[in-house]
Amino acid sequence: MPVVVRNIARAPQQVIDGLARAGVATVHEAQGRRGCLASHMRPIWAGAQVAGSAVTISAPPGDNWMLHVAIEQVQPGDLLVLAPTSPCDNGYFGDLLATSAVARGCRGLIIDAGVRDVRDLTAMGFPVWSRAISAQGTVKETPGDVNVTIVCAGQTIHAGDVVVADDDGVVVVRRDEAEAVLAAAEARLAAEEAKRARLAAGELGLDIYNMRPALAAKGLKYV
Amino acid sequence: MPVVVRNIARAPQQVIDGLARAGVATVHEAQGRRGCLASHMRPIWAGAQVAGSAVTISAPPGDNWMLHVAIEQVQPGDLLVLAPTSPCDNGYFGDLLATSAVARGCRGLIIDAGVRDVRDLTAMGFPVWSRAISAQGTVKETPGDVNVTIVCAGQTIHAGDVVVADDDGVVVVRRDEAEAVLAAAEARLAAEEAKRARLAAGELGLDIYNMRPALAAKGLKYV
Amino acid sequence: MPVVVRNIARAPQQVIDGLARAGVATVHEAQGRRGCLASHMRPIWAGAQVAGSAVTISAPPGDNWMLHVAIEQVQPGDLLVLAPTSPCDNGYFGDLLATSAVARGCRGLIIDAGVRDVRDLTAMGFPVWSRAISAQGTVKETPGDVNVTIVCAGQTIHAGDVVVADDDGVVVVRRDEAEAVLAAAEARLAAEEAKRARLAAGELGLDIYNMRPALAAKGLKYV
Amino acid sequence: MPVVVRNIARAPQQVIDGLARAGVATVHEAQGRRGCLASHMRPIWAGAQVAGSAVTISAPPGDNWMLHVAIEQVQPGDLLVLAPTSPCDNGYFGDLLATSAVARGCRGLIIDAGVRDVRDLTAMGFPVWSRAISAQGTVKETPGDVNVTIVCAGQTIHAGDVVVADDDGVVVVRRDEAEAVLAAAEARLAAEEAKRARLAAGELGLDIYNMRPALAAKGLKYV
Amino acid sequence: MPVVVRNIARAPQQVIDGLARAGVATVHEAQGRRGCLASHMRPIWAGAQVAGSAVTISAPPGDNWMLHVAIEQVQPGDLLVLAPTSPCDNGYFGDLLATSAVARGCRGLIIDAGVRDVRDLTAMGFPVWSRAISAQGTVKETPGDVNVTIVCAGQTIHAGDVVVADDDGVVVVRRDEAEAVLAAAEARLAAEEAKRARLAAGELGLDIYNMRPALAAKGLKYV
Amino acid sequence: MPVVVRNIARAPQQVIDGLARAGVATVHEAQGRRGCLASHMRPIWAGAQVAGSAVTISAPPGDNWMLHVAIEQVQPGDLLVLAPTSPCDNGYFGDLLATSAVARGCRGLIIDAGVRDVRDLTAMGFPVWSRAISAQGTVKETPGDVNVTIVCAGQTIHAGDVVVADDDGVVVVRRDEAEAVLAAAEARLAAEEAKRARLAAGELGLDIYNMRPALAAKGLKYV
């Protein structure tokens, strides 16, 4: 029953790179406020901003065998995305696996479990978003799946979906929506520029967005 | 029923600034070990140490409308303090709202919910203490209240109370006690200097504070 | 009934120093994947990597009296290790206690509770691994124990056990196993060097560790 | 500084009893969706539905001394309401204190900490809403306060406020609003009867509340 | 963008009823140890054991409008399954909605948020599995979706999937796998009977399953 | 390295039975307020009150193999006590294992993880105290240890220690202290009888325990 899907479709690289530049919050808004992974997914070091095609992994609690399997499926520009089949904070991934992943062109790891060797990973510039940091080791006894659809930190992720991650967390974009989402994100960024200038000049959101009538209609009183 | 209170009393600015210099732990002790917000309130970047008059906000879960309303009420030196009406980790606040808040002289945000755009907020030097970091967006559908008394992270906060925040977290000081608390804090800081020197020289707290008789009286044995 | 044990055995200093160099993840693996404290034990600043003999403390919730007692028992190279008798996130320890501890040669603090004055502790270079950061103060009313066996963050720790801590968390090594664990850790580090080079060159863990037959035997299919 | 306030005002008994009959959810709605304590406050046995005037207690973590002090202040029909000054799950209260409280006419306990002897308390029919059940004992070393304003499980509670509790949790009503809230609650209960009958007959809320136009206006599509 | 899908496919009723009889643990094992919702999903009363076709709901935090919309889509034998778009413990559902749901033939509710009126729901025999019990009310301001694919408590659920729930929690079965899973579950139940008798007679699992050689091969020693 | 210790010492049966009668809270107090497991350990059904000699199990996350091994070591009157080597909420134990355990005379299970088949276990009258209820199944791939010293829910437990459990949770008593603890517990129960009668008659703890002078000395004021 455990399975590795070898050929997955990916979004165009320039779309993926555009989504990385747009960042998590903008991409999330651009696709209709969807796709954010749970807020417990935090970067192990600050400042990384990446996007990549998801190579998905479903693994048992406390068993990191499938990471070795998954790395073979990585193409340059991909992100590894691991969800354990039940809650676990073990350190599934460390500097040796990162060395191997980097050699395949992997851009980072999203894992709803733990990682270790965080000082080394930081020195390597290898970004990770995880639920936990833990040195607790794992076994290699039970196969799982690679490139099947998983639920990671509250979001469904298909192999080849675009995952975007930065200091705000992680968001997933469906592969076949990636181009449209990028267009919406870029439009949003452009629109924000003008608003930012007006806000910086002291104009209020209440006025820019004409909120006062709606607030009054909902009964807001000033005293 | 939703209401905005426009005129609130504030503590004298030099008192507020003195409390900022004293820092959270000292202020907390100086007022009789009261006023600390819950320890889940963490800074989004390290090193900020601020104090300000609270402009309070009560907002529904997942609705950030009242932040726009509150910013109009900010005066230079104020802090925004938001409590959701039920637990929520959405990203209520990001770089556009921060730009607007800074234009009004706002010194920072205390929010028992989530924020986003943390890289931008960090670059701006805008300090935030929050329960979560999340890109998850919010709606603008239901008004709340501004400058009413709220409970934020386990503490009652009135509009105009002085809120102090640093890397240790957040503490609230009643507006009419602020001057007395500052005096007590400064006395405490002065007293600590002498103790620090003695401790650095190797003298023990057991001796400086004369703890040995009390410990013996409570039955402590050395074996 | 409260007791302070004054004379505890310690591992040889060069063994302790060797374990510090090996780091938490390697030491944990070297002793058979045992000894990791729970992953909620996080450093208050990044980059510290230390080991020391445990001076253990059992203290009531919200009472830091025994830290003063324990510091008298510290010898150069020791670590303070505190477990509250029930869950508590109060700030038991701050810059004054750190000043005193440093004067005795203490290398750091492991505490399954809270600390405060983290900016000062960071500036002093005094490392702490804790469950929480909190300015909430404590009382000095109820004695506890020093240098008895405790459970700290899920691990039994005896006085004089070697505790190793870095950015991955904290691990405990039994005093009488420390030398053997160090030997195993150093062997492991040496073996990793060769593997790292092969992985960096693009060789897969699947091949280096000859995992393919075992995976096939467990039913893994490629599609 | 620790203080016991002896004379507190209470709401009329028939108002309190009416609020008990209305129950938590109805009272919460009737006062404008305010006043619910956090959902971690759960009854130790099912089926109790009570209301009473709050005798408030602020106590240190792991110290139940003030419960003895507070019981002297109880009048028939009161509820004890305890908030620790920092998070604690110790068993502050058991069958002996319950026996004493019942002798004073106390109707129950609301405690944002732990209780014990739950089998005895259940057999006595003494209702408790708590954060935890724990046999862990407490000390009697540090006084706190009785009948001061506290924050309990996220709500400000003044001495003499009316607290209502049932299987849905706990809600607080300001003493001087209690009569008006009761009137609103009773009106709400009456109005619900007609709606319940229509819903039971198969009519939809969509039609009873005329929601279809508003949903369409907000863009809801049927496919 | 908010959408209601009106026509969904359902599994045959006798298959659904068979899965209900098999229960959660057996169904979970029978489909290859997949499909369990997170363990925080608990029944509000003990003893219910149900299965039904999922009418799925995606709703904003603190907004229960879509429950009214969803109830119109319920057919006899269905279960309502609600996931909020971000974590929320508000009481979305109470006795009036339950009355309406029952009138449509609804068998129960699965909700990764809160419910209220639990005494009434218990008296009605209406089963609910939820994350929380809370009287906190919700608004009706923002539409969501009905009968789209959702992630609820860590599992992807499509409209029309079969959801099984009992005192062990909740499991989801894909609609088009339901018949095969039922067959496997019934086979499993039959096989368990013989094992139960042998175990009851004192035979050991070690011998029934012939585990001793495998344990020895993995290095287990008896001392 | 995995090991099963076959011959363990046990406390006298009448001492164990006496501790069961005394109950968790009394035993905990009688041994100096020590030994309570964390409060997340809750009974799956109410009303059980048991004690037994601990047959301890250390098991990997998501792997219940060692339960089969441990059951062979059970003697009539024992309790199984399982701690996973890292946090896990899987359902390690269900009705088949319970049937086997009962056949060996096992009195119950203490598990810092999950259980399933709770309806069957309840019908059997087999008591379990656990961290979670979950149908999620486990594998049988990695041996652990039986009858070694473990840390379970924050307490060190040696094989043969006496574990007492009731509706208040779980407490451990060292085997060689069991007799003395029982004597202290029985003395405590006897002493409580007189106090209960006085409290029931309306006398206050303040007077029975003569607390007023100590409270005044610590500064308590009545206003």
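Order of writing sets the labels: A, B, C, D, E and F. Residues in every chain begin at 1.
Simple rule for what comes next: a residue touches a chain if its C-beta (ideal position, glycine included) is under 8 Å from a C-beta of that chain, and two chains touch if they have at least 3 such contacts.
A quick note: this is a predicted structure, and the numbers were derived from the prediction, not measured.
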item	value
Partner chains that chain A and chain C have in common	B, F
Type of chain D:chain E copy interface by residue overlap (half), same or different	different
Higher-contact pair (C-beta pairs counted), E-F versus C-F	E-F
Inter-chain centre distance, chain A versus chain F - centres from mean C-alpha coordinates, in Å	42
Chain D and chain F, separation of their C-alpha mean positions in angstrom	31
Per-residue overlap in chain D, given as positions that touch at least 2 other chains	1, 33, 36, 85-87, 89, 134, 136, 142
Touching chain combinations (by label order)	A-B, A-C, A-E, A-F, B-C, B-D, B-E, C-D, C-F, D-E, D-F, E-F
Touching residues (chain side chain B, partner chain D) in the complex	1, 32-34, 36, 38, 85-87, 149, 151, 154-156
Chain E residues touching chain D - in the complex, by the definition given at the top	1-6, 65, 68-69, 71-72, 89, 91, 94-97, 99-100, 102-104, 114, 116-119, 122, 132-137, 140, 142-143
For the chain B and chain C complex, residues of the former touching the latter	23-25, 28-29, 33, 36, 39, 42, 46-47, 49, 166-169, 171, 192, 195-196, 199-202, 204-206, 209, 211, 215, 218-223
Residue ranges of chain C in contact with chain D within the complex	60-63, 85-90, 134, 136, 139, 141-142
